[in-house]
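Labels run A, B, C and D following the written order; every chain starts at residue 1.
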Amino acid sequence: MTVPVTIRIQDADFDIAREIEALTRGRTDIGAVVSFSGICRGSEADQDIAALTLEHYPGMAEAEIQRHVDDALSRWPLTGLTVIHRVGRLVPGDNIVLVLTASAHRQAAFSAAEFLMDYLKANAPFWKREERADGSTWVEAHHRDDEAAARWEKN
Amino acid sequence: MTVPVTIRIQDADFDIAREIEALTRGRTDIGAVVSFSGICRGSEADQDIAALTLEHYPGMAEAEIQRHVDDALSRWPLTGLTVIHRVGRLVPGDNIVLVLTASAHRQAAFSAAEFLMDYLKANAPFWKREERADGSTWVEAHHRDDEAAARWEKN
Amino acid sequence: MKVKYFAWVRERIGLAEETVEPPAGVRTVGDLIDWLATRGDEYAHAFETPGVIRAAIDHTHVKPDMTIAGAREIAFFPPMTGG
Amino acid sequence: MKVKYFAWVRERIGLAEETVEPPAGVRTVGDLIDWLATRGDEYAHAFETPGVIRAAIDHTHVKPDMTIAGAREIAFFPPMTGG
């Protein structure tokens, strides 16, 4: 059976309940659903953040996410997968990203969600610009995100 | 600041969106929310399941979950935590359990959710009875759940 | 002391709880299981493989060698299958 | 060949995309960065620390030693910060 996969990059907010419902409605083979939502915080390293603006590489972002979704499907016995990444200007409290994974058992759902988030943080072509009181700067990549992504690399 | 914690054992279903909203409303210090929902499956080892009935030890179940929630709060920098476990008769597709974890960063939220689910599976005083075509039996504990719970033990 | 039973332990014994007064020689959780098992066929059936039975004293998991002195409520049940 | 720029690479150059015709000696992604950096102060600024610049050819991440032969679209951008 084909596993239902949703990948969207959008300005609009998402509705977690609706996305979970879309993944699970009418199914009785799903025992575990993990959702990860990433949210815009109001401060970073003790500096207030007024807003984040997210830029992406259209075409490449979708293709790269699809490639990593396919990788997740080959690694774990999943019964459904959703990745939604917002772009544009977001203020503290706004949703940024949603990853949903469904499986018969919890470990596959947890692992696949962590794998996809580690990928999105370190290697998906998105860039964040922060607006603070003292101006606006591009967020620097974190070494810890590279390390988190590297733990999934195959030998 | 006190971290908001919700622990409920109930017959009624839960609403994931409402629980996430309760944990995040008005907050700008949350960067990551992980939700795990456990769902009643329609088959187990190729046998159809008509229903699950969940029994618990009132008093001990709440106290034990609270103790593990406190442990999670001491291990990871969380900004909110919700555990809801249903009891009574559930049919395939019904929600069984919800664990929600909120944190500034994703790794704490993922780890705490996995920790609490591993605990609930192996050591929380709940018991499942399965109704199948050939009768009704108590679900046997899985060795793999004991192993999953054991990986969090402190030396 | 109050004793509670859950899941198939409860079903086999046919009681969810009862109050018992074990004799003085019954000092540990394991002793209590052995003594309960002598109280009738239902009890013998419930406790036929003592190694599989889990116990809690006053809402805390305990091992068979734990003393029952001072316990208000002791519960017996199979391995947990929640979540 | 089409070249795209994102985030601060785009801001420094002042262009989101352009079509360039590099000379024949420009064979790899690294060569292309070196050549682009000579096209003006904005470019020099954008590519002042080439080691930090990431590149993609036709939507696939590539290293600086990758050939640009046959590429339709090459993109340059800083390390990604999504999620």
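Going forward, a contact is a pair of C-beta atoms (placed from the backbone, for glycine too) under 8 Å apart; a residue touches a chain by one contact, two chains touch by 3 or more.
Quick caveat: nothing in here was measured; it's all calculated off a predicted structure.
Student: Please report the smallest number of touch steps linking chain B to chain D.
Tutor: Each step joins two touching chains, and the minimum needed here is 2.
Student: Quick one: point me to the chain whose Cα centre is farthest from that of chain A.
Tutor: Farthest chain from chain A, going by C-alpha centroids: C.
Student: Based only on mean CA positions, could you tell me how far chain B sits from chain C in angstrom?
Tutor: Chain centroid spacing, chain B to chain C, equals 26 Å.
Student: Can you check how far apart chain C and chain D are, centre to centre, with Cα atoms defining each centre and the answer in Å?
Tutor: Each chain's C-alpha centroid was found; their separation is 72 Å.
Student: Approximately how many whole Å separate the CA-defined centres of chain A and chain B?
Tutor: Taking the average C-alpha coordinate of chain A and of chain B, the gap between them is 23 Å.
Student: What residues in chain A touch two or more of the other chains?
Tutor: Residues 38, 106, 117, 121.
Student: Which residue numbers or ranges of chain D touch two or more of the other chains?
Tutor: 83
Student: What is the complete set of touching chain pairs?
Tutor: Result for touching pairs of chains: A-B, A-D, B-C.
Student: Which residues of chain A touch chain B in the complex?
Tutor: 15-17, 20, 24, 26-43, 92-93, 104, 106-107, 109-110, 113-114, 117, 121, 148
Student: Any idea which chain A residues touch chain D in the complex?
Tutor: Those in contact with chain D are residues 38, 54-57, 59-60, 63-64, 85, 96-97, 117, 120-129, 138-141, 145.
Student: If we count contacts the way the header does, which residues on chain C are in touch with chain B in the complex?
Tutor: Residues in contact with chain B: 4, 6-8, 56, 59-61, 75, 77-83.
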